[in-house]
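Labels run A, B, C and D following the written order; every chain starts at residue 1.
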Amino acid sequence: MAAASNFYSIVAGVGAGTGRSVALKFAKAYPVALLARNPANYESIVKEINAAGGQAIGISTDVSSESSVKNAFTEIQKEFKGKKLAAAIFNVGGRFVRKPFLELTLEEYEAGYEANGKGFFLFAQATLPGLLESVPDSPHPPSLIITGATASLRGSATMSSFASGKFALRATGQSLAREFGPKGVHVAHAIIDGVIDIPRTRDWPVNGGVEDGKISSDAIADSYWYLHTQPRSHFTQELDVRPYVEKF
Amino acid sequence: MAAASNFYSIVAGVGAGTGRSVALKFAKAYPVALLARNPANYESIVKEINAAGGQAIGISTDVSSESSVKNAFTEIQKEFKGKKLAAAIFNVGGRFVRKPFLELTLEEYEAGYEANGKGFFLFAQATLPGLLESVPDSPHPPSLIITGATASLRGSATMSSFASGKFALRATGQSLAREFGPKGVHVAHAIIDGVIDIPRTRDWPVNGGVEDGKISSDAIADSYWYLHTQPRSHFTQELDVRPYVEKF
Amino acid sequence: MAAASNFYSIVAGVGAGTGRSVALKFAKAYPVALLARNPANYESIVKEINAAGGQAIGISTDVSSESSVKNAFTEIQKEFKGKKLAAAIFNVGGRFVRKPFLELTLEEYEAGYEANGKGFFLFAQATLPGLLESVPDSPHPPSLIITGATASLRGSATMSSFASGKFALRATGQSLAREFGPKGVHVAHAIIDGVIDIPRTRDWPVNGGVEDGKISSDAIADSYWYLHTQPRSHFTQELDVRPYVEKF
Amino acid sequence: MAAASNFYSIVAGVGAGTGRSVALKFAKAYPVALLARNPANYESIVKEINAAGGQAIGISTDVSSESSVKNAFTEIQKEFKGKKLAAAIFNVGGRFVRKPFLELTLEEYEAGYEANGKGFFLFAQATLPGLLESVPDSPHPPSLIITGATASLRGSATMSSFASGKFALRATGQSLAREFGPKGVHVAHAIIDGVIDIPRTRDWPVNGGVEDGKISSDAIADSYWYLHTQPRSHFTQELDVRPYVEKF
């Protein structure tokens, strides 16, 4: 794990899959702050990183709450005083609701937007000033990396809650790429098109249960690191990923 | 204007442009309920339709308020008792905020979603049961027609509020098309790519000020009527429209 | 059928389905020239139109042959001397080859492009000068209308021949819309996403064999006529159509 | 440069920019065959690689000629006897023609397709059998990587030749990804959206002439190598790249 660095990173939305892998990956280069509502989602990862000689903190945060986000960033600035922000990863899933449209409550419909619309707005507003500040001297272009999904590109029957949130997230990500790219901040959006291989999905009969039929979260972390290290002459705004056997 | 019909229509988002033209167009076939927050936006249109022998009512409605939508539909059902719903048009613009991202308040960012996400959810939940009921005997497939914009397809610098709302609207529209199309309800989405020719935009120097460089709202109304009258063997889910001189 | 008109129309790719319906539709307003390789594909339609008081001619044409297209347009100009071109519809299917990629011959792969790339190039070059000439006085904006397919938007395993042709067609159509739209010519592209209901497909078990599970070619003709009659302030560049039960 | 490997790679379309950088990058891991019509385009690169301890051959090839491609692959198999194919990169630009549509000759229009449609077909048919053979034991999933452009996604006025070729290329790439992905071959398509920084473009006033306003071809090579090394649980089918200041 990394020795001290003048820069740090933030991962919002940490659990057993992508968030954990991304945290471990970025922790090799930068101290990392992990945000999740439930401390159980980050505690073991924080320990794992610190035990390996890296530096990590975890903060219980509800990204769709203004005050919670504010508190989190106050704490981050205190903990990482003197360091600058190199990378911010938004990997929030939010509550996933799948229901016939006429059975949705308003609150269920809005769950998608709460996390991916409002939550990303708050996260982006909290991280972009720091990313802009790092432009002159960060080792790689300061990066805001966003986790999208199949539902970022198409709505499906019974998926309007999730799709509306992921579409809103993509819209905002594109807007930020066009506004902050020319200022040197790299805003990238990944379409994760498939089931991620985590303990919870281990027994899902995805793609006929073939080997590698689910996405390796470590490979996602590699792709985010690759995005982060792209030079500013060659920014990827969007890429898709899926298992070799996935229908698309 | 139309004599009595056993069916009625609803237009949400009525003002000087598309909403007015659509109301006048659909009023030739069906009584029409016009929804707008500000009664000044529908009063003259209601008069115009009724004076011409059609039937129209206006209801002051905030589509992003559950109770306001509920009240509106209670009133519609009372006014149009015994009639069934043939067409519902969602033409809500919402508050348009254009600002550098870091200057947006949360409330400004959310303005896009309030109208086009939450507002459309409430409108669709209120109209789909009636549209489904009309499937067996309505003169044309019952239709839910949605007004999109350039920002439905791409985010732009300073446009994250509007784009996130219009993306969310499109996501939900696609989800509904896939869920309710097979039940016989036609859900269609129009990308309006250009400035609409209304009194407020008359002096905007759009497309060099050439004749027909702005979109005729009557032509939009014709396109919505065309969509409504498509047979179920031939549903258009999405179409774009723009002036002949518009860059795209 | 139409009395004499000062304008005429052309439909390339005439058979039992879309081409026939489009020819009958446009023949109500304009004399029409029908192009198909095999005269059996247009002879009965020509008779039907002329018997109904319209005016139609058929010309055996291979749109992917320069000399054949040249001959066809020489004959059209002779037959419709003094008239101007109001609408040109490109509805060529071409040879449809569906095979594992490694079993395709070069000639089979190129079949898609021959009809939809090269064929459309020759057709567009032959019709655009006439369409431009009609801009000042044609009853509706002179129109070049193109038949696309699901394969215009996505390649599929075993469909590279057809998809490469339809993608090339769409690319050229977009280029022409951007070049000739500002000059007053309406270039529109329709994505036909489903099986068309013609004698040959009658027994295909499409969409579970439900009523209206295949696309009515008359409805396609209506949509092309609708596109043709759009005013220049409101041009649709692309629309999709599919049966209400089609998965998409 | 690499010591001997049991695998080799092929780069079609080699010149001063992407092709050269990709060749140098892949030559670190595999012997590489460079294809270009003009030997001047590969000779110095072949020397550079061999001088650095790598292994490279160059073959004068016209990818749009069946016999030329056949000869090239016969020679490759002879030169790299006993080795298996790990990666094939299709980076052919072809003749770029930009003209008002009505001034294009058929031959000019077809130039786009010749290189990117027909040329890619011949290249893919020649390389896919070898890539399939390498699936069981290649160090990374055998890869077919394709260079696209802005014109792969949209047609522009005066660009129908190039756009129709690049659309056809993308269609075929998608078809192959869907057919050969499940067999373990990684087919990926890169949208290069910007001007590449090569001697010929050095003085082009792109993006106001700012530093890094053109794409580094070495960064493209890094991205192709990244694509090649993705595990099969996490294949990217498409990604875009552009300079941070590029409008999009």
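The rule is short, and it goes like this: a residue touches a chain if its C-beta (ideal position, glycine included) is under 8 Å from a C-beta of that chain, and two chains touch if they have at least 3 such contacts.
This structure is a prediction, so every number in the text was calculated from the model and none was measured.
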Exercise. Shared interface numbers for chain A and chain D above half of all numbers used, same, or below, different?
Worked result: same
Problem set entry | Chain pair among B-C, A-D or C-D whose interface repeats that of A-B, sharing over half of the contact pairs by residue number | C-D
Problem set entry | Centre distance in Å when chain B and chain D are each reduced to the mean of their C-alpha atoms | 46
For this session: Just give me the whole-number Å value for how far the CA centre of chain B lies from that of chain C.
Result: 32
For this session: Please set out, as single numbers or ranges, the residues of chain B touching at least two other chains.
Result: 178
Exercise. Touch graph across the chains, line, ring, star, complete or other?
Worked result: ring
Exercise. Could you list each pair of chains that touch, in label order?
Worked result: A-B, A-D, B-C, C-D
Exercise. Residues of chain D touching chain A in their complex?
Worked result: 141, 178, 181-182, 184, 186, 197, 212-216, 219-220, 222-223, 226, 230-246, 248
For this session: Name, in rising order, each residue of chain D that touches chain C in their complex.
Result: 66, 100-102, 104, 106, 109-110, 113, 117-118, 121-122, 124-125, 128-129, 151, 154-160, 163-180
